[in-house]
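Letters A, B, C, D and E mark the chains in the order given here, with residues in each chain numbered from 1 onward.
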């Protein structure tokens, strides 16, 4: 692979970011613990009745995972901005959208995927019926990449600002409410014994759309907020 | 008031921090919007049944406000660290615990108090019965300063680190679980028509203890993490 | 190599101005830079040197006037391997070793013939620091790693913002040597300095920026 | 004022060493600084100048040896109005105006007789910038505001980390003037520099730090 | 100086500690292994099956010793943290930080074995009962200490910050221990007591106590191993470590 080609650039970027995440693997665990703790707070807040907890389990897990992955989105470009790497990335001769797609993929794989992996544990904590669990997992697998993709556009827009964490939440949440309604809705329907495939198909369709458009939009947004 | 005395120092610090918050009043609104959005997500996640929402209203509001004020705690010393003001504060000849107490007070007044003010709105959104609202407000008024005080100690410990937001959550949450159990417990008891004063009194007692000890502990922690 | 003034200059700015919030930062400015030239932009604190460099590489948009690269208008999309910027922020990762940082730069930007990351490190005086994480280097040593990156990546035009800052005396000489080498090889460079120390080899062309009144 | 060597020195370091994660940063060092003295700490990049200053003001704990202030051991709690540190980070608020920043410093640290924040600003060449938010000043102008703070707050011992960095030629002269004035008034200062430019009035005592092998 | 104080002073010196620990280690491991084997044999083979729970009660022989250790290790860590903060003894920092992961592991095992045991006896893996909850909080506290320690660059500063956090978290210990008395819950009340009369048959009790002894010894063995490694890292610039390395490599460089 010739250095300097676009493929070489993507590989170099992937390798660098994975190395960095490995170096700071403690940080990578934080969203996990955050979501565990948020879910664990609900039994304290609502009391330990099994029926109540089971009723809200799917929705609460959805909200907790979305919050955790949302808050971690904030770091997507943060450190690159702080040390000037982002400037170098923008000045590089390769298509920015492709480079950003690499970064988004890594972010999802390293922070959100682990969240989905521990979802069964969270489901146990809130007594989610075992039959609903597969639906919950599929819904999360569709909704969280959607969040990462849409979120990356918003992060790119807010990247030059200090303390953008909360503002980011504000921008992203309205955009992902549909994902939440459909995802948690599918789980609730399954829990009530109703059909649940339609909302999941909708989520899938959006995900495909976002996969194509979000990196382009993020690149445009990044150029706007840097220049 | 002679410049350079401890009283003058506290006044100067209060005035400076209030001016800064006024300059960045957009940032100060963020926790507010964050908690509104989190609460607003629940009807989407759980479906619009009034009975379910009313059952979980007090607990959810409690969790949302604690999370919002927790996430904003992260900024308590952040900007002072970044521009070197914190170093100057530690090197100043005045008792550090007193200066930190000023900062904590300002933080609570400017970010958490507004949260309590909008709590009735959030209660409406989740159909909390009107009779429970006063209990909720009192519980919040006791639990949130407790969170700010305990949180400040943890923030002081993590202040030197990049991206400490999530780690902070991890450190603080176990310590505030009691406040949550007692605060939300009082609301749930009130909602169920049971006596609710005992948990509120416990909260009050802890608050008094924290008011005395937390600034001292925060000062000690800050010295550890800066030196 | 003597600058050749017949062909289109590597970089040309015509009647360039930049205004931030209705406040002029630098006035109408004409610069042209040919292959083989090093030009020094001098100016007091706050005279707009950093801003000028950012405009010249397309990171900021000029308020009026235009920038030509090889005679064609400059856009971010058209930079392709021609311009290297070294700003106040070095664009290096503190958690990676010096060598890992350079390998990444090569992957992104390609490599000049006849040089390797190790050689580049050695030629900026960092032999033996190959596996040291950047975080443990001092300010001046980090700057040297950024200089090594310039040596590796093939870009004809260098825009260097205060390359001398944070360097000790041998570091300053190193920068001058590197610049000379680049010019002799047919490259061009625009460097800024507030004049307390400066590019000393030969008598470089200087452009003075004045603080807008 | 000539340094008086009979009384206990303002600052004294005895056999001071600092080790970070088992790696020695600077070796056993003996420094003593009397009232009226300015001492220059010279050293290459990474030789430990910044670290030394932080140890001397108690922000870092020495690995061995001790620091005496007026003959008594130094602790953070005992600094009380005696030491002023100016580091790489200036400790100024970007959102506040220059004057607001200085007022805050005075509230925290007190004020010398016969000077006001406005006068101090004028004497560092920032007249007319009183109400400008710091964020809109250039790097060098910000440094000047930090120098104005030094002029205002009564501290006998100044620890200045690279006070010349980021300043243009008039700025460098300004620092020298301010240091002279401080020494003549009976103060003392310890300044670092990597030697590309330096304190030039008189022939200041120098301490050379070497990079640990 | 008082000879005891003198000995402590000497023990605090890293090279002395390193050598002493090295001498004790094999013995400690051997004792832990042998008593552990005896205890397990007693618990799993010799002890009679419970009249209510049949054989599922045997999980007690893992659950209870680990639960005790989770509390003991935290107390040990906090005590060392206190010494480290007040007297700045490097060895205490090392000991405190080396015990955190071991304690977290014991806590984790307690939670897992408790859940496994809860399924047959209470019909659920997990309930939000006071003891279970406070034990979960204990796990988070351990995680917090480990997280803080690994998040700060400078090891000594990190150790002090984490030690401080450990001290703050000590409030949780009495809550875990007394929760069964303060709130009436599903979890077993105190059944074993060293001073008074235990509410447990002797044939079931002796393997439990043997295993408790074994886990303590194992903890110290593991702690010493970890501390020795950590000390080598911390003191890698010092003369005694270099001498040690030279001796190991036979003077080769």
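Convention: a residue touches a chain if its C-beta (ideal position, glycine included) is under 8 Å from a C-beta of that chain, and two chains touch if they have at least 3 such contacts.
Since we're looking at a predicted model, the values are computed, not measured.
Common neighbours of chain A and chain D, listed by label, are B, C, E. With centres defined by CA atoms alone, the chain at the far end from chain C is E. By the count of C-beta pairs in contact, the leading chain pair is A-B.
As a whole-number value, the distance joining the C-alpha centres of chain B and chain C reads 47 Å.
Inter-chain spacing, taken between the CA centroids of chain B and chain E, is 34 Å. Chain centres here are Cα means. That of chain A falls 37 Å from that of chain C. Multi-chain contact residues, meaning those touching two or more other chains, do not occur anywhere in chain C.
Along chain B, residues 167, 170, 173-174, 177, 227 each make contact with two or more other chains. Looking at chain E, residues 133, 140, 143, 147, 151 sit in touch with two or more other chains. Looking at which chains touch one another, you get A-B, A-C, A-E, B-D, B-E, C-D, D-E. Residues 57-61, 76, 79-81, 83, 85, 87-96, 100, 103-104, 106-111, 154 of chain D are the ones that touch chain B when the two sit in their complex. Those residues of chain A lying in contact with chain E across their complex are 26-27, 29-30, 33, 37, 40, 43-44, 48, 50, 124-125. Note for the complex: chain C touches chain D at residues 44-47, 137-141, 143, 164-172, 194-197.
The touching residues of chain E, counted against chain D in their complex, run 154-155, 233-238. For chain A in complex with chain C, the residues that touch the partner chain are 2-5, 8-9, 11-13, 15-16, 19-20, 23-24, 82-85, 87-94, 223, 226-227.
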